[in-house]
Each structure stands twice: as C-alpha cells, then as structure tokens.
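In what follows, chain A forms one complex with chain B and a second complex with chain C.
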Partner chain A sequence: MSYTSFGYLFLFLPLVWLLWAVLPRRARPAVLLAASLFFYWMSAGRYILWILAAAGVTWLVGLILGRVDDLLTTARAELSPPGRKAMKKQAGAVKRLAVGGGAAILLGVFLWLKYWPFAARSIAAVLDRLPGALSLAVPSYVLPLGLSFVTLMAVGYLVDVYRGTCRPAQHYWQVLSFLCFWPHVVEGPFDRWNAVSGPLLDPPRPAYTNLTFGVQRIVWGLAKKMVIADRANMYVKAVFDDYTQYSGMAVVVGTLLYTLQLYAEFSGCMDIVLGSAQCFGIPLAENFRQPFFSRTVGEFWRRWHMTLGAWLREYLFQPLILSAPWKTLGKFCRSHFGAAMGRSLPVWAALGVTWVAIGWWHGAGWLYLVYGLYYFFWQLLGEIFEPVWTGRFPRITALRQRWWYRLFQRLRTFALVLGGMLIFRANGTRAVIAMVKSLAVPYTGSLLIQLDARDMVVLAVGAAALLAVDLLHERGVPIRQRLAAAPLPLRWAVYIAGVLAILIFGAYGDNYDPAGFIYAQF
Partner chain B sequence: MHTNEEILKILAEVKPGLAPAPDTELIKSGLLDSVEVMQLVMALGEEFDIEITPTDLREENFHTVAAICALVNRLEEE
Partner chain C sequence: MNALRNAVLRIVAFCLVLLACLLLVGNYLMPHSNRYLEGYTAGGILGEDFDTIDVLVLGDSNAAQGIAPMDWYQQYGFTGYTYGAAWFSVFNVYYRLKDIYSEQSPEVVVLCTDIVYSKRGTETYFGSAVNNISGELLPLLRYHDNWKELTAGNLFQPHDYNWRDPNKGFMPLTGVAAYGGGSYMYDQGRQAIPLLTEWYLDRIVRLCADHGSQLLLITVPAATSWNHSRHNGIQAYADARGLTYIDYNLDPEGTFGLDWSTDTPDTGSHLNVLGARKLTAALGEYLTARYDLPDHRGDPAYAHWEEDAATWADTMAKAIPNAEQAAEAAQGAG
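Take a look at the complex of A and B:
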C-alpha cells in the first residue's frame, strides 16, 4: 500500500484514526499495532513472518540484557568491592554475548538477503575468467519490505539497551509496535525507542492541533511528490535510461531535475509519514533540515537523511574509533607520523568505513561503493586542507562570515552534490563515465525532453516554492504555526489552494509514469 | 583537577584558531563537527590517559569547554 494511494489516504488513514480516537485510551496501542500489521501484510504479504521473527529476537535479547542489569544492581549491594568488580566483568561478558548474538542474527539476515546476491555475482564473474570448471550460482531474493530500516532500528534498540541508555520493553507486542509502526516501516526515518515508545504505547488524547498539523504536512508532502517529483521523473528517466542519446546541457538539466526529484520525493515522503504519525500525536524524527543550505559536503549529509547519518555516527563511526584496533592504529600513527596524524588518521579511516557503509546501504553494487567513496574523497580533501587554509590564510575565518563567501560555499557544495546525484542515478559505473564525458559534447536537440514548456514552468515554480519554504525554515520562521494563527478564511484558502494544486498540477493520468518511492527499495 | 585552559590548548591543536570562551556552545553552533569531536576524543584520551566510551559521547559532555573539562575530571576520578 503506497503512501500516495487512494486506499491509504482516504480509507486506511481516516478509518484507523477514527477507531483510534473513539476507542478507550487503553485500547489505542492495540489499534496502532493492528493497523501496522494490516498495512505490512497488505504491502508485503507473507514477509510479515520476517518482521514478526525480527521483533521476537529483538524483544528476547533486550529482555536478557535488562535482566542481567537488574541482577547486577541487586547483587551489588550485597557484595564486597572485589566481588562487585568480578560480577560486573561477568555481567559485561554475558551482555556482550547477548547483544552480539542478537545483532548477528538481525544483521546476518539483512546482509544475506541484501548483499549475498551481489557478492555471489562478483565472485561468479571472477570464477568465469579463471581456467577450470568452478562456478557459483547467483541467488535472487525478494527483500522484505523495510528490511534495512527495521534491521537498523532493531540493532539500535539493542545497543541502547546494552549501553543502558534505554530500558528494555517488557512485552513482545511493544517491540513489534515500535518496529512495524506503518509510518516508518517503508522509508524510515530511523526512530529511537526512547523518542517514540512513550506516545506509541501510551497514546495521548486525540488533539485538533495534531490532526490539522498532520494533515497539512501530508498535503504538502503529496504536493512535492505528485507535482514536482513525478513530473521531473519523466525527464530524468529519459536522460538516464537512454544516456547515449544525450550530452552537454541535457545531462546537466537531467541531473538538476533528478536532484529536485529525489529531494521532493524523499522529503515529501517524510512529510507524509511524519504528518501521518503526528495525527496520532506521535513525533517521529525529522530526516531533512534544509540540506541545500549546506556549506560543506559533511554538513550536507548532516542535513540530508539525518537519521541514517545519526545511526551510522552513533553505532558505527564512533564505536569504531573507540575500539581496540583503532586505538592501536592511533598509537602506530602517533609514533610514526606525529601527534596530529595520530589523532587524525584513525578518524579518517573510520570515516572511510562509514562512507563505504553509506554507499552500500543505498544498494548492493559497485556503483554504490563509488557513490560512497565520491563523498569520502571530497570530505577527506576538506579535512586535509582545512588546517592548511587556516594556517596560510588566517583571514579566511573572517571571510567565511561574509554573505558572498557563504553563497560561494553553498554553490560549491551544491555542485559537488550534483556530481553525487549523477552517480547515484546512473545505470552503472560505465554509464557514469560515459555521462561525465558527454558533458563536454554540446547538445543540439531540444531541451524539452518528455516534458513540454508548461511542465518546465510547473517544475520551476515548484522548485522556487521548495526553496522559499526552506529559506523560511532556515531563518527559523514557524510556517505552520503562523498559518494556524491566521484568520479562518485565509487558512482555508491556503489548504484548498494546496489540494487544488495537487489536483490540477499533479503528474498523474495516462501521459505520466509516476515513480515508486526511491527509498522504499532499501 | 584539570582546567579549562588545558582543554583549550588541546582544542587549538585539533582545530587551529579555535579559542572559545568556557561556556561557548561548540556543537549546535557548528564550531565542532562530528569528525572534530572524535579527533578531540582521541587527543583527550592520549593527553589524560582516560578511556572515553560510546556512552560518554553525548552532546552535553562536549557542548562547551567547561563540559569537556568536567567529563575529563569525572573519567579521571573513575
């Protein structure tokens, strides 16, 4: 069931909300769980068994971790200091075993289903070139809906319980409610147990503000998806799928429109899912913070798909740097290259691993490795040259406060992001090379590819509207609160204009080929 | 007990030119990003021979020079 489908918007969501609102408070968590399971079953059928099992493993391991902590707390009061120390050590070992086992099961299934076909394909390609009769069958799996999102949220929960930053859920249905909650199961965001479990398991009263703000956000998300993303997709699909026919400006416009498409689509989807959850008073994590106002590539990724970045920072990048092998690497670098390199090289190595993970999270293929390494290269370059810049040109710190220098930094970052977008959308590494080369070849055909002048005007106005809204958010203007405070006729005029814009300018019907949500494939 | 001045000296090594007041916000203001925080963690571990764990990597422990100093003193006592 797609978030933009008639069934979701006009049947599922209103009916679940009505049921949730009219039933007694203690029945509301059950309504949300039943709705989530129904949504998952409608979208993924028998793969519901996977999410039921994943929730079971997560709940059980969490329970073990919590039990060990409780035993430790009880026993501490009765033991002498050496005894306490010994028991803490034993408890630590049991907890590490439990969290390691749980994570291995969850990640094992994830890695097997998502990456083994790619690994097998790569190994088979090597075997084909070797003499002998060795060969390897390449499997093909259908991925359960939300495999990446649910797995990482479950592992995050286990690590949080292990670290003692959250208490484990006592009941299976609580973990299941968290993991399969329909607004975040398809495309995220990666939510944290501590932030969501309260209102999910003990729902607040239905509130007019939550409902209206939620619906506003859903309408805004739909407008982004249907007016901008699905329209831009026509152009993008033609240029990227048939890239040998296009060059120069056509490739530039195609890449620009793909950037617009992906932003409108992914942030639009987040508006729909966050708006859906807000109707029920559940605040999901924000995934975007005006990414195109970033002044560096690193900052871009702290504003784009923020919950993925946060997850990888907290559960991969930081633990790697604090791990024993990385400390050994730090000592080695310090003794061989000096103090500055001793603290920088291990961090850059962990950064490289994290970028590879970001690349491969987006897809199992060499192209996605290139995608991750592309951003790693630019960020590393920035890290290496930053001290050189500030050392050689001390005035640069003051220059960076000037508006024109900030604008230059933003445009530079945008240009680098466009390069990343080209890699991300291209049909393979060969296509990337061919498309980059074709930039030098002038394009003599019409730039109205698959779209007419009217479509281009709609896209330009849509892009300007996105930019204007982002600019207001960047300046801290609370748009929805301002709208809510506006007189009734003005407020409703805006709502009706939003719905009419979708109905009139939305890209649907026979001439359009609406794309599925890109991030739903992960 | 370590002082803010010692932390400032390490901060200046990690990010040349950075000389904030003890209560200047470092994280939300963007003065330190996640890479620089981890370089600082490496430098603190080396300088003071302390073990910083993932649970210590909370924003409130790194958001000002004074908070970093408090963290170092706490970890050293432990």
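Take a look at the complex of A and C:
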C-alpha cells in the first residue's frame, strides 16, 4: 500500500484514526499494532513472517539483557566488592554474548538477503576469469519490505538496552508495535525506542491540533511527491536510462532535476509519514533539516537523511573509534607519524568505514561503494586542507562570516552534491564515466525531454516553493503555527489552494508514469 | 464537549467547501469540445441528436477498434454508436452509461466484456477500481492535466459538446501484424470476476433494465488478453443473470471467419479494419435477427446520418485498400 495511494489516504488512515480515537485509551495501542500489521500484510504479504520473527528475536534478546541487569542490581547489595566485580564481569560477558548473538541474527539475515547476491555475483565474475571449472550460483532474493529500516532499528534498540540507555520492553507486542509501526516501516526514519515507545504504547488523547497539523504535513508531502518528484522523474528517467543519447546541458539539467526529484520525494515521503504519525500524537524523528543550506559536505549529511547518519554515528563510528583495534591503530600512528596524525588517522579510518557503510546501505553494488567513497573523498579533503587554509589565509575565518562567502560555500557544496546525485542515479559505474565525459560534449537537441514547457514552469515554481519553505524553516519561522493563527478565510484559502494545486498539477493519470518511492527499495 | 463539536463542525464545513471547489474546478477543466472528452472519439455521442441511437456498444479499445456501427446503418438502417476508449473499465462504463441515458434511449446495449478483467499491469483490481471510481465522481482527477490546454483565448470560452463523429466511435486501424501464437481458448478453469467489478456489472444490468434497454454481452476477439477461463467467468455471470453472451473468440456461428494472420494490427491485441468489418457484420446479423431494430434510412430526422454515411464510405474506400495491401505485405513477409 503506497503512502500516496487513494486507499492509504482516504480509507486506511481515516479509518484507523477514527477507530483509534473512539476506542478507550487502553485499546489504542492494539489498534495501532493491528493497523501496522494490516498495512505490512497488504504491502508485503507473506513477508510479514519475517518481521514477526525479527521482532521476536529483538524482544527475547532485550528481555535477556534486562534480566541480567536486574539480577546484577539485586545481587550487588548482597555481594562483597570482589564478588560484585566478578559478577559484573560475568554479566558483561553474558550481555555481550546476548547482544552480539541478537545483532548477528538480525544483521545476518539482512546481510544475507541484501548483500549475498551481490557478493556471489562478484565472486562468480572472478571465478569466470580463472582457469578451471569453479563456478558459483548467484541467488536472487525478494527483500522483505523495510528490511534495512527494521533491522537497524532493532539493532539500535538492542544496543541501547545493552548500554542501559533504555529499559527493555516486557511484552512481545510492544517490540512488534515499535518495529512494524506503519509510518516508519517503509522508508524510515530510523526511530529510537525511547523517543517513540511512550506515545505508541500509551497513546495521548486525540487532539485537534495534532490531527490538523498532521494532515497539513501530509498534504505538503503529497505536493512534493506528486507535483515535483513524479514530474521530474519523466525527464530524469529519459536522460539516465538512455544516457548515450544525451550530453552536456541535458545531463546537467537531468542531474539537477534528479536532485530536485530525490529531495522532493524523500522529504515528501517523510512529511507524509511524520504527518501520519502526528495525527496519532506520535512524534517520529525528523530526517531532513534544509540540506541545501549546508556549507560543507559533512554538514549536508548531517541535514540529509539525518537518522541514518545519526544511527551510523551512534552504532558504528563511535564504537569503532572506541574499539581496541582502533586504539592500537592510534598508538601506532602516534609513534610513526606524530601526535597530530596519530589523532587524525584513526578518525579518518573510522570515517572511511562509515562512508562505505553509507554507500553500501543504499544498495549492493560497486556503484554504491563509489557513491560512499565520493563523499568520503570530499570530506577528507576538507579535513586535510582546513588547517592548511586557515594557516595560510588567516583572514578566511573572518571571510566565512560574510554572506557572499557563505553563499559561495553553499553553492560549492551543492555542486559537489550534484556529482553525488549523478553517481547515485546512474545505471552503473560505466554509465557514470560516460555521463561525466558527455558533459564536455555540447547538447544540440531540445532540452524539453519528455516534459513540455508548462511542465518545466511547474517544476521551477515547485522548486521555488520548496526553497522558500526551507528558507523560512532555516530562519526558525513556525509556518504551520503562523498559519493556524491566521483568520479562518485566509487559512482555508491556503489549504484549499494547496489541495487544488496537487490535484491539478500532480503528475498522475494517463499522461504520466509516476515512480515508486526510491528509498522504499532500501 | 463543545470543543469537540466545534472541531467536528469545522472539519465537516471545510470538507464541504473543498468538495465544492473540486467540483467547480473539475467542471471548468473539462475539455471545451466533446471531441476530447475521451480517448478516441467516444465523446462524439454527446453530439448526436437526442434519442437517435438504437444500439449502444460499450467497451474499451477492443470495442472501439472492433465494431463499426456505420456498417449497420448502411446495411440495415439502424443506428449505433461505439462508446469505447483505451483502459475503460466497468466502473467508467457504468457512470458514462448513466450520462448517456440522459440523452439517448438505446434499444440494445452491447457490453464488451474485455473491460471486466481489464487493469494496468502494476495495479491491483482494487486499486484500479478506486482510481476509476474516484475519477468518475471527481472529474478534476480525470481532466486535471487540461490546465495545459488553457490559453488566453479559451479561458472563458463555454463548452461546446455538439461535435459529431462520422465513424460513430469506431477507430479504424489499417496496419497488419499477424498473431502467431496458436489457440488461446483452451483453459478450462474459471476466472472469478473481482467483487467490486461484479457489483458494478450488476448496476449496469439494473440500469439497462430501468431504461428498457436489452443488454447483450459479447467479447471482441483478442488473442493476447482473452482466454477460456475468462470466457467461463463471464458465461457463469451471464447464466446467473439470464443474459445472452456471445464470445466471438469462439466464432460461435462458424461463419465469422476471423483470420489472425491479416485481421489484427498488433499481433492479436486488437482488430484492424478488416477484422472489425467481419465482427461488425456478424454482430449486425445477430442483432437484426434477434431484436426489432428500425430502419431509419430515408427518414428526414436522420438526415445527418446520410451525410455521415457518405463520409464513412470515403473513409472506408481509403482504409480497406490500405489494410488489404498491408495484409498482402504481411503474408508475403510471413
């Protein structure tokens, strides 16, 4: 069931909300769980068994971790200091074993289904080139809906329980409710148990403000997806899928439109899911914070798909930095390359691993490795040259406060992001090379590819509207609150204009070929 | 309690205002001419004089490319119109039939059953039904893209729905691309009719009965989209409702004589003009034998049908030789 389908927007969501609102408070968590399971079953059919099993493993391991902590707390009072120490050590070992085992099962299934076909394909390609009769069958799996999102949220939950930053759920249905909650099961965000479990398991009273603000956000998300993203998709699809026919300006416009498409689509989807959850008083994590106002590539990734970055920072980068091998690496670097490099090199190495993870999270293929390394390269370059710049040009610190320099930094970051987008959308590494080369070849055909001039005007106006809203958010203007405070005729006129704009200018119906949600495939 | 009541009232009032705006804008965005109301020329029926159509054919592209009502007028004198367009569904047909009944009172309604199982590849039957029904109830969803047709010149131009189609909804195709897939009517299973579709089929049956039309179910030959399992599904439906059903994929009279090597423009999906004339003749024969259809030739009230018949003859004078030439070329190549 797509978030933009009639069935979701006009049947599923209103009916679930009505049921949730009219039933007694105690029954509301059950309504949300039943709705989530129904949504998953409608979207993925028998793969619901996977999510039921994943929730089971997560719940059991969480329970074991919690029980060990409880035992430790109870026994602590009765034991002597050496006994306490020994027990703590034993408990630590059991917890490590439990969390390691749980994570291994969850990540094992995830890695097997998502990456084994790619690994097998790569190994088979090597075997083909070797003498001898060795060969490897390449499997092909259908990925369960939300495989990456559910797995990483489950692992995050286990690590949080292990660290003691959250209490484990006592009941299976509670973990299942968290993991399969329909607004975040398809494209995220990666929510944390502590942030969501409260209102999910003990729902607040239905509130008019939550409902209206939630619906407003859904409408805004639909506008982004249907008016901008689905329209831009037609141009993008033509240029990227048939890239040998295009060059120069056509590739530039195609990449620009893909950037617009991906932003409008992914952030639009987040608006729909966050708006859906807000109707039920459940605040999901924000995934975007005006990414195109970023002044560096690193900042861009702290504003774009924020919950993925936060997850990897929390559960991969930081543990890596603090791990024994990394400490050994630090010592080695300090002794061989000096104190400064001794500090930087292990961090850069951990950063490299994180970027590879970001790249490969987006897809199993060499292209995605290139995608991750592309951003790693630019971030590393920035890290290396930062001290050089500030040392050689001391005035640069003052210059950075000037508006035009900040604008330059934003445009520079945008240009680098465009490069990343081209890699991300291209059909393979060869296509990337060909498309980059083709930039030098002037394009003599019409730039109106699959879209007419009026479509391009709609895209331009849509992009301007996106920019304006982002600018207001960047300045801290609470748009929905301001609008809610406006006189009723003005408020309604704005809402009705918004709905009409989607229905009139939306790229749906016989003349368009709307794309599915891009991030739903991850 | 007051707060809740106020909130509910506000929401309901907003929805009503929004609905009014959607209907108004939808009406405004409808095509300026009935020529563009549908794909092909189905909308031309609105340009016909009231109560002048004896046989109304409803269906999708198979119907629009497969049944040529002007042949009936020329041969038997009764009038017909094929109201069909690509990807038409049972839901579309139900609502259009309601509209058509406000202007026409056909003696016979021929419903082409390809639409019963028709849906786009990526859609579910339910999704397709929801899309179709919502498009019918809110014209804005169907005609939203017409904003592109608005110019300074036609911004305030009233709608003119008087255009008449001399082909009476038929879309002649002259290309030939043979179907070579062999027999396709062998599956002995029965494909169930989707629930919502069946409900709307029943509504069509009732609508016809309420307006005194006799309903005939037929299936236009379509080698790539029809099969015996679907035939059985429709036959069971027809038997349960006491309706007559003719599946021309089975060539029931044995005289229809469709040749899949020459009579299709797209390897068996549709009929070209050669196939369409055979099917039209077979159906025409059945209609005249079974129903008491009037002969309007020479009737001054039907003068424009004479004009259209002349245009039709010109069209066929060009189309048939072209199709025959294409058929010869295809057979030569084969």
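Heads up, the rule we're going with is that the second predicted complex is superposed on the first by the 522 of 522 C-alpha atoms of A that agree within 3 Å, B and C clash if a C-alpha of one lies under 4 Å from a C-alpha of the other, contacts with A are read in each partner's own complex, and residues count from 1 in each chain.
Keep in mind that, in the parts below, contacts are C-beta pairs under 8 Å (C-beta built on N, C-alpha and C of every residue); 3 or more make two chains touch, one makes a residue touch a chain.
Predicted, not measured: the structure shown is a model, and the values here were computed from it.
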Clash or fit, chain B versus chain C on superposed chain A | fit
Which partner does A:Ile449 reach: the first (chain B), the second (chain C), both, or neither?
-> neither
First (chain B), second (chain C), both or neither touched by A:Val499 | second
May I ask you to decide whether A:Phe6 touches chain B, chain C, both, or neither, giving the answer as first, second, both or neither?
-> second
Quick one: name whichever of chain B and chain C touches more residues of chain A.
-> B
Figure out whether A:Ala55 sits in contact with chain B (first) or chain C (second), or with both, or with neither.
-> neither
Using only C-alpha centres after the superposition, what angle do chain B and chain C make about chain A, to the nearest 10 degrees?
-> 170
Just chain B (first), just chain C (second), both, or neither: which does A:Ser344 touch?
-> first
Which superposed partner A:Val432 touches (first chain B, second chain C, both, neither) | neither
Just how close are chain B and chain C at their nearest CA atoms in the overlay, in Å?
-> 39
Chain A residues contacted in one complex by chain B, in the other by chain C | none
What residues on chain B touch chain A, complex-wise?
-> 13-14, 16-17, 30, 33-35, 38-39, 41-43, 45-46, 52-55, 57
For chain A, which residues are in contact with chain B within the complex?
-> 163-165, 298-299, 302, 313-314, 317-319, 321-322, 327, 330, 334, 339-340, 342-344, 346-347, 350-351, 379, 383, 387, 390-391, 394, 397
Within their complex, chain A touches chain C through residues 5-7, 208, 452, 454, 492, 495-496, 499-500, 503-506, 508-511
Considering the complex alone, what residue numbers of chain C touch chain A?
-> 3, 7, 14, 17-18, 21-22, 25, 29, 39, 87, 126-127, 130-131, 134, 140-142, 144-145, 147-148
